[in-house]
Amino acid sequence: MARPRRDARRTALEHTRHQVLSHPLARGITPREVQDYLAKVPRRRFPRVAYDERGPLPCIQPRGGVPLFEAQHALTRRLSEAGADFVPLTIDSYTRHNQYDTATQLLRRSEEEGKDYLNGYPLVSHGHELSRELYTGIDKPISLRHGTPDARLLAEVALASGIAEIEGGGICYCLPYSEGFPLDRCLLYWQYVDRICALYSTEDRPIHRESFGPLSATLVPPAIAIAVQIIEALLAAEQGVVSFAVSFGQTGSLIQDVAAARVLKHLTRSYLDEFGFETTRAYLVYHQWMGQFPQQREKAAALIAGSAMISGMVGADKVVVKTVDEALGVPRPEVNAEAVDSVRYMLRIFACAAPVTSPLIDREAALIKSEVRSIIGAIFDLSGDVFWESVYRAFQMGYLDIPFSPHSDNANLLVSMRDANKSIRIVDRGHVPISDADAEQERALLASVGDRNDKTYRQLLGDINMMMV
Amino acid sequence: MARPRRDARRTALEHTRHQVLSHPLARGITPREVQDYLAKVPRRRFPRVAYDERGPLPCIQPRGGVPLFEAQHALTRRLSEAGADFVPLTIDSYTRHNQYDTATQLLRRSEEEGKDYLNGYPLVSHGHELSRELYTGIDKPISLRHGTPDARLLAEVALASGIAEIEGGGICYCLPYSEGFPLDRCLLYWQYVDRICALYSTEDRPIHRESFGPLSATLVPPAIAIAVQIIEALLAAEQGVVSFAVSFGQTGSLIQDVAAARVLKHLTRSYLDEFGFETTRAYLVYHQWMGQFPQQREKAAALIAGSAMISGMVGADKVVVKTVDEALGVPRPEVNAEAVDSVRYMLRIFACAAPVTSPLIDREAALIKSEVRSIIGAIFDLSGDVFWESVYRAFQMGYLDIPFSPHSDNANLLVSMRDANKSIRIVDRGHVPISDADAEQERALLASVGDRNDKTYRQLLGDINMMMV
Amino acid sequence: MEKVCAGRVVVGVIGDDIHVVGNRIMQLALEESGFQVFNLRTRNRPEHFCQAALEVNADAVFVSSLNGEGEYWCADFRRQFADVGLGGILLYVGGNVVVGKRAMADVVSLFTGYGFDRVYHQQPDIGVAIADLLEDLKRGKAQA
Amino acid sequence: MEKVCAGRVVVGVIGDDIHVVGNRIMQLALEESGFQVFNLRTRNRPEHFCQAALEVNADAVFVSSLNGEGEYWCADFRRQFADVGLGGILLYVGGNVVVGKRAMADVVSLFTGYGFDRVYHQQPDIGVAIADLLEDLKRGKAQA
């Protein structure tokens, strides 16, 4: 049985770190030089500063990463000028899998042929010296978006480039993004990332970490997503991270969105406090619909507008936006800028002073909260010397089970579906330790849609593709 | 002092009716023939049938009226195929002002030059025989949208054309739509319309009346709009109308929208019951933003999407939609069909089982309710033999005062502005009889936006053009 | 502090148009800029503008058309003013001056053809026209 | 009631692509239509498909590419199958098979050039491909 503890902080990092930084693509990064560099970049590069200075509207963050430096530079300006409050740097999928050679090779080919062979910016291939220049003059946080199980070198290069927000985590960047990457190693590698973020943090310039709550973005019950978020917040706090954002993806149900936001906010704070991490600040990030997008631009635009409204209603600190081209391929800069524009417009005109509620929302929140408490409580009770080991065991036991994870360590026993309100319901909890009463309630709520026992692929596809109606 | 009474029902209608129907453009309409015709049109032409058969989503009604018969015919099919649940017939502004000759003249000119010189369909000029053909095969309600103080002939022609929903009312089609039309006459003319609607109604085919809650669509405090709606419902019920929709326009504040819908629904029912009109069914209609629209299509589309979502959240029975071309001129049929599409898409994906609330919404609803009760109570206490006379006096006294009404009988003493939540606040109640406590609360809520005493035209224009940010 | 009057302006909405919101704002805005405003409000014929301009010796006439009837009613506008000896008066028109959507350039040339000095089709900020008016009046005085 | 096996299909996602949702659905859908499915899941190289097809004596191979790496990895696809004596096997590809947006016709001709029999770029309904497969298999048998 292991609970989060301040003294689980990783020690004797030096050796591994030396190894990581001696990779040729680290191009001689030294922590001292980076520390000095970070002390000089504009203060608003640090998310906590940006968050604390934000007005009543959530901050807006688009997506975007292209292979060539010039193009990424242009995209960065474009998005910043369009009014993005956070500027993204999305990494290509080779780099995500540590295949720096392939990434470099395809980068060269892209440069030569003027055609993109990568679906993101290969930060490690470009290196920190060049990449710093992406951001000269930008006084907004840059957010590293990737999906990398072993992000040690990537994070080092990112921090050295003046990027003060690192997305990811040992669970959220492993289970949805990898098939075979060993989860225990991933958790350890992310301890490394958390730790170096903590080491680079100063009182007024804390490096910010963010977790990725949408996971597989497909029929993930809120209780699972929230449990993962809280666990990653605790794991980061153990390593000394003091600025952290939990996040979740639009569920497809307004009721569940509002309920999930409420529970996520409340429980994150309460668990952090319970384990002595009162000084760790927690923020809430809302992802616009992360699942299958409609292909028609008008529908995509409507979905984006509606979900922008919800991000305001749930009281998010930041909303990560999609574009009308989501279902069609990596969006062009104009399309990205447009998305920022229309989300900001929606937030402005529908600014909503306070979160709403309803009896249905209250009931949903109570159910989710009870489920999350059961899951996290059961994980605390698992064997292990330190918390991350219990977390690792949780997957072996199927206590945490993420629908549509490609990962071979995922239990894949949990089955979920949508109810009449489009809320995601747990049809079969598998080994996820929610109470019988909660499991019963999940099934009862599902019953509202009538008999869905003849579960054909079409029904499932309908639930997955709910935004394509 | 006069309250609504069943025995205020208009008698001895025959003489006036004979006069109205002897207008050459009535083309020999006889009530008997119309009665027979109405008994034969599809039952779903009657709104009550459509409403009672609707699923969980609000019915959708686009706007649309073009001068030429062929074009209107095509528009009707187009909108119906696009999935409109109610098909509109919007009338041109000459017909609205009973200038049938000018309308006919411009209709001919439009026909000859193939260019539209009218901003709607001149129903009276076209006549009922031709206009019946607009709707052969259509089994949805047709909704007459106009803005006509004296709609007697227009309503006769509409009913004779198989149109079973007549929008308007003695207040809502006078104060916002006319400068000098005598209000007392207007109230009487609408008694005529209400009465013939009642006379044509049968048990299972009731002619439906709808009031127009947005009024001038500009900074109208919800209490004023709701009071007008309730009064018109009562006036119609007095004449025997048994199917009636109250409506309101998006206020610009989610809080106020939800609060207004709740109060409007609740009080309409309770007043109807109080005066013995238990059998009159009342429905709720939500108008998408009726004020100044953004000119950029992307913003207009976002506004339409967001407001579609709200129509679901407030539990509307019907939503009347705008188009992305609203600020640019009368929309083309394609654009109208697109609007239906995207509103339906939003309603589907954001279907919300139950109305939401929040402490702010509760407070807003309590305030609005108290104001409406004060206003209506005070009107009941005004002198007059019958209710409509008290209503007429209410405008003379400034008890009802509609901001930005062009009408010379409007007091124009009430001043309104937006607070920090964009809710419409009464800055100066003029002679509107809301209590001191409520007036005080209105001002206190406004205080949240800081000092707005230096009321320049720019500030006012900012509040009016709030969707143009 | 007494304000100097920047000029006299007749404002009003033409045709059977009852869109009065912009009209009210225009009055406020012109007054704030020091103009004396004579507001004919809604539902006016060209001759109403003529009469008013004569009566108050106006420097300029601001015609609004929101529902697009302007196209129909304004065709003869300048001539009617010339007929009563006001050929040199400044004529501005604004709002949604035609029915339906049409290219801005077409709309502008239509109304300049009708004799208007300036056309503000679908331009929400009245401030621009007021600046232009101050300019036009200065130039007019300089010429005189 | 025993079902006749409609055929054997190897399915999998190519490249470093981990988009597995469509892959799971494809398995369910093919099985519902009576096919025996061999699912290689995510992150496969062309040779993995070859090996599997050989091993199970597949009638068809369904390659998914969601993140667009397909363009890179599939260039040599048909030849690799021909090399191991499977030149006649049915090759289908689907998903978001290229990076970025490109005209549908270009995408289709690119992949037919690679030797694919059918290309389903951005077509959410897998049902269509299954109907085509049944058709292609029938025709194949008729020819044999």
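Things worth noting here:
Going in written order, the chains are labelled A, B, C and D, and every chain counts its residues from 1.
The criterion applied here is as follows: a contact is a pair of C-beta atoms (placed from the backbone, for glycine too) under 8 Å apart; a residue touches a chain by one contact, two chains touch by 3 or more.
Keep in mind the model is a prediction, meaning the values are calculated, not measured.
If chain B is ignored, touching splits the remaining chains into A, D | C.
Per-chain CA centroids place chain A at a distance of 31 Å from chain D.
The mean-CA centres of chain B and chain D are about 57 angstrom from one another, to the nearest whole unit. Within chain B, no positions touching two or more other chains are listed. Viewed as a network of touching protein chains, the structure reduces to a simple linear path. Contacting chain pairs in the structure are A-B, A-D, B-C.
Of all residues in chain A, those touching chain B in their complex are 252, 254-255, 258, 294, 298-299, 301-303, 305-306, 308-309, 313, 338, 341-342, 345-346, 348-361, 420-422, 466-467, 469. For chain C in complex with chain B, the touching residues are 15-21, 24-25, 28-29, 32, 41-43, 67-69, 71-72, 96, 98-102, 122, 124, 126-127.
Every residue of chain A that touches chain D in the complex is listed here, in rising order: 93-94, 96-97, 99, 106, 116-119, 176-180, 216, 218, 292, 295, 325, 327-330, 332, 404-406, 456-458, 460-461, 464-465, 468.
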